[in-house]
Amino acid sequence: MTGTLLKVEGLETGYGDIQVVWRADLEVRQGAITALIGSNGAGKTTLLRALSGLLPLRNGAIFVSGRDLAGASPQQFVEHGVAHVPEGRRLITGLSVHDNLMLGAYRRKDGKQAIRADLERMYALFPRLAERRRQDATTMSGGEQQMCAIARGLMAAPGLLLIDELSLGLAPAIVDQLVTTLERVRADGTSILLVEQDVGIALELADFVYVMDQGRTVRNGPADEIAADPSIIAAYMGT
Amino acid sequence: ANAKDSVVIGAPLPVTGALSPEGTKLRQGYELWREQVNAAGGVKVGDRRLKVDLRYYDYQSQTPRAIQVAEKLITDDKVDFLFSPFGSGATKAASAVAEKAGVPMIASSASSKEVFDQGYKNLFGVYTDNSTFSEPLADLVKAKLPNARRVAILARNDLYPLSLANEFEKSAKKRGFDVVFFEKYAIGTLDHASALTQLRAAKPDWIVATGYINDLITIRKQAADLKVGGEAFTLINGPAYQEWISAVGPLAENVTTASWFHPVARYSSDDVFGSSAKFVELFKAKYGSEPDFTQASGSAVGVVLQQAIERAGSLDRDKVRAELKKGGFKTFFGPISFSDIGIADSYVPPVLQIQDGKVQVVAPAEIATSTFRTGLK
Amino acid sequence: MLWLQVLVNGLAVGGLYACIAVGFSLVWGVLNIINILHGSLIVLGGYLAFFAHQYWGINPFLFAPLAGAVMFAGGVALQYCVINHVMARPFLITLLLTFGLNLFLDNSMLALFSADYRKVLLNPAPGVFDLGSIVVPADRIYATLVGLVLISALALLLRFTQFGRAIIAVRMDRDAAALLGVNVRWTYAVAFGLGVFMAGSAGALLSAIFPISPVASAGYLSKAFVICVIGGLGSIPGAVIGGFALGVIESFGALLLGPEHALTLAFVLLIALLAVRPSGLLGRQGFA
Amino acid sequence: MMLRIALPLALPFAIVAVAFVLLSQTDAYIIRLATTFGMYAALALAWNIIGGIAGYPSFATAAFFGLGAYVTAVAQNLGAPLLVGVGLAGAGAALFAGLLGSAILHLRGKYFAIASLVIAEVLRELTNSWTSVTGGGMGINLPLAKTTLLTQPQLYLAAMLFLAAAATSASMLIDRSRLGVALRCIAQNEDAAQIIGVDTRMAKTWAFVISSLFIGLVGGVYASWVTYIDPTDVYDGAMSVKPILMALLGGVGSVFGPVLGAFAYLLLEELLWRNLLEFHAGILGLLVVLLVLFLPGGLSQIRGVGLVSLPKIWRRAP
Amino acid sequence: MTALLELKGVTKRFRGLEALSDINLSLKSGEIVGLIGPNGAGKTTLVNVITGVHTADAGSITFNGAPIAHMRRDRIARLGVARTFQVVQPFPAMTVLENVTAAALFGGGAASIAEARDAAAHHLAFCGLTDQAGKPAANLTLAGRKRLELAKSLALRPKLLMLDEVNAGLNPAEVDAALELITRIAAQGATILLIEHLMKVVTRTARRLVVLHHGKLIADGPVASVLSDETVVEAYLGRRYAERMAGAGI
């Protein structure tokens, strides 16, 4: 739990003429789960898209393990160990669960053996996927798809996993299971940057929390500190 | 059209599209003629000599486009005379425009009666009627193969090839043959195996297939693949082209065909070429190959028109039309006069057969270079 | 016996049809491009084989993969530099682009090679396999065999390799594919290149069987089209089945209704098939 | 309220009337070009109703065009006067579209495109083989129309321009009606359209029928104009592609885009064809490529073409 | 009270998988029913079968006395059955206002486009989307699109409204706002079938809960009793949730 894996400084980005993220500063430490919370439209998804090379930067810098990746392509991000589980899951229609998982390992160069082993690890982690390995991934239910998406991200053997909307549309039991799984993933050495609407879950899971509002990272702190802040509770926790 | 120093002739050409091979050939014929006339000073009109000014537009092998081109040539380019588009269908359509405007149109490549029986006064074709192919061929087969009774005909479902096939059917029946197989194939057919299999089952003695070069290349090859036999094999018009012979190679042997012109022809003429032999020589010098009948017809329409203008001594369309009607043109293509409906009826087209890799004339007897052989290799 | 021969005829031409259609199916299914260029590319492959045979005496059946390989490079470049720019746009736009490219390529070939029909003349002629009352042309068998080998290789590539999965991923969701580290532009380019490869080798295989001319391209295109629909878009086994099916349908159509109606029958069946099973015999959304 | 209906009804016809007066005295070739323009515009507009507004990429233009042409040809040869012949062409095409629609309009996207493309092929083959009525591969001649007021060229100029105006009016009216809203919903998300209660089958069928009505009418006028038709010509696949090209050129889905596109296309085609004997089609192809690459939204991308609304529906869904 | 919607023996299969088996369910006019179940239990499929997106392989569906099992989707919609999509389905290039206008025009039975637009404006205000009215739907955030779905279904003036996870993706504070919205909709008298994984939403709005598991209806009854049902906890809620609930004293 020492080094900085990801460092974002003064990042600005948006879509075409529309600027969405006005200033984001962020740090993800090695081996930690970092959560990013904020209201709808705050720009969380947009920030993650920039952090995996899908959106060009207008300004700012992204360092992954100390290397500047500003302006890099999505492939380069993947090659440097950043995997992104996107909002809406985005599994590939027409491919089976197995094939989707294999695609997660697209940029891996450590050989068939290692990939096979990881695949089996995923099936152990998500037995549901093992049952459905031949099914077209996008005909599964929402929760099944979310598992598949996370597993696909993990198949890249990433140092950093970006997850957008972890619990979206998942049954409580599944969410519990995912929380446990992510803790195991972290224990295996993968750091996580998590965007999560269910602030309760985010605070429970994360070590460190950033709050985003209207395109800016406005607050940060250790999870327990943020969880105790009355203004945060009022704005994001509801009754 | 007074005080001009050239005679303007419009020629709709299929430069692109399905007929582009034919378009290129026609144009070669036109160009050779123009070059010769202009080298000789031009067309003699009264006491002046007018250069030939040919105007081409591409009608993209589409008949409506051909009509449009004809109209454009008449109104926009103000041509004195027209050459027809290629083939029977487009000629039939474009002739209506020429007729409306009263512009004489010489048809290079239309031979189906349906084109000429519209009662038009301005259309003249240098090809003889399709029956002039079927009749001598049927005679040959009848004479050489007295025991042959069964005829099979396979025709492309298109104006000219179909009309040709109908003539063959008539000629065959007239001589007491049984037409045991008569089928049409659709334009664009890639594979003729099924038709040929049925044809084979009909056990014909004489096989006639009509179509364009590509059809006939495929048909000849597939006939061999399916071991279609027969004592006589007539394909019209492909084998009259060197292209066809090169493409089918040894399979060309003993295939018969007919065409309105062949380099072996020996006519002497009053035109710029002076004789068939001279024409062939000039053509070879310019293009490096022997002319086939389409290329020759391109020059033929030129020389016919030229002679009519020179006789009329004027570019006046009525006078030129009257001369055309009179006929009696001695050309390298053959003696040309037109029947009442405007189709040439003054020469007998040669019947050809590929023998030992060479094209031989097997009829009419006067110009024959070899005798008709039966059987198929 | 007649029926048997007709069936054999249908199968014999069906193999050629399969070769014609596979590349088209691949490009349509994977890139969602109706590649109007396809017919012209087949013709171009035919010309390559023709000249290779004329100048170096290379047998077109052996030359086919080479013709495909040469054209593959061109296809990759074309996709990378030109077509990639409009990939994100509706399929009518890409259709129009290939329509324009096709006009250009067809007319370029017309200018370069003239419209004259040519054909590779094999010496000695391949002849026929004579099975008593049934004959099968040898050249069609050779062409079909070589074609099937190439098609199988392609199918295996798509089915079992990471690249094959990547192709489907970019087809279905560019952004998601990019997130997995797939180079989208490059993948498109190679996929298109593979389609061109198949077109080129099909052209070479056909060069000894059908006459070659720029004006023949539309005929190949329309065949490819029909076959893909019968077999199912984007499915390689589908294109093979579709090819054989069309060959047999046309063959029997010609026998039962007369040759002039052979195509009509195929089209009518096609519409019927579309009405009941639009995804074709083997079609499914992804890729087989 | 009245204006909303009256304007689309009156404006196109007024413009066309003026155009006719100006053009009818020019030389035959200009008249022919103008007539062709009317034809192209009407076809592009008609295609746009089903292909643009409803988003059903139809390749059946050649089918209805050819059908209209043949209906007219056969009717006129049986003695029907021009107007009746052309009317029958429209009615025949519309009726056929109605029947056909129930068979193929349930297909989506490319599948519809394919099915529609095949229709022309089938009709061509049928026309080819039904020799006793259509003349088969021999083609068919049409009698010259009897006119007193106008010359032949003027008559067809008037007819084509009229059809272009009528198609414009129809497009404008559809655009403002429930049908237009329904079609735009269908174009963007047909499943969602059904769930909000759009009778998609009805709406699509109407769009198809109206579109085909105009195409059939144009085919009928065309046949009478050229006086000779054959199957290869009137069922020519290019006839299906050109209107799409024009609509895209001008801006798909907008009302005036197709008109503008038809004009631009005709201009381009004519200029190239006139000046280049050999390679005009190749250059046209190249221009299409450049257009698609650099002006993918059609001419409306060039600012200042105020008439044309941005082709909204082609914006890509995220 | 008579049943508004009545399902009898409804079964739906996808290839080998039985996504719904022999479902019997009846909804009374005006009630709010929560539908819960693990992922893949068949909840969305149930909505799809009711709205005609899928056709049931067996069984009958009656709405307001009319059999609708084989009716076309648009007719079902016009009868007053509205739904939101779990995967939102806007008309992407239309503005938010145009989206809702279309719904009011067709499903809502508006007499003219102008009238539909007025109705749409009203529904947008109701759902708090007025300031987004001019935006193309494609540019909305996920939450925005979910609200748009809601506004569109309201524009159909539904008798039965099926909400498929409209609150997914909202943070707890936003969920509170949405809850309030749903309560207001319910106050207008529509029957609501609420599919939700957020227990907070379900427990605060619904009186009755229905639980699907592997395509079978495993529980149907008052909220409290269903939530304490051992099989439901086992299949759906999970131990931790049950503990949390117990801790919160529910």
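In order of appearance the chains are A, B, C, D and E, and numbering begins at 1 in each one.
Here is the rule we use: a residue touches a chain if its C-beta (ideal position, glycine included) is under 8 Å from a C-beta of that chain, and two chains touch if they have at least 3 such contacts.
Note that this is a predicted model, so its numbers are computed, not measured.
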For chain C and chain E, the touch-path distance in steps comes out at 2
Common contacts of chain A and chain D, by label, are C, E
By C-beta contact count, C-D versus B-D, the higher one is C-D
Chain centres from averaged Cα atoms put chain D and chain E apart, in whole Å, by 44
For the pair chain A and chain B, the C-alpha centroid-to-centroid distance in angstrom is 76
Between the Cα centroids of chain B and chain C the separation in whole angstrom comes to 36
Each of the following residues of chain E touches two or more other chains, namely none
Where chain D touches two or more other chains at once, the residues are 125, 128-129, 278, 281, 314, 316
Among all residues of chain A, those touching at least two other chains are none
Contact graph of the chains (line, ring, star, complete, other): other
Chains touch in the following pairs A-C, A-E, B-C, B-D, C-D, D-E
In the complex, chain C touches chain A at residues 162, 165-166, 168-169, 171-173, 175-183, 284-287
The residues of chain D that touch chain E in their complex are 176, 178, 181-182, 184-185, 188-189, 191-201, 312-318
The chain E residues in contact with chain D across the complex are 51-53, 72-75, 77-78, 82-83, 85, 89-94, 101-103, 105-108, 113, 136, 138, 152, 155-156
Residue positions on chain A within touch of chain E in the complex are 18, 37-41, 45, 87-88, 139-144, 146, 165, 168-177, 197-200, 234-239
Given the complex, residues on chain C that touch chain B span 2, 5-6, 9-10, 12-13, 107, 110, 114-119, 121, 123, 125, 128, 130, 135, 137, 139-140, 209-211, 213-216, 219, 222-223, 247, 250-255, 258-264
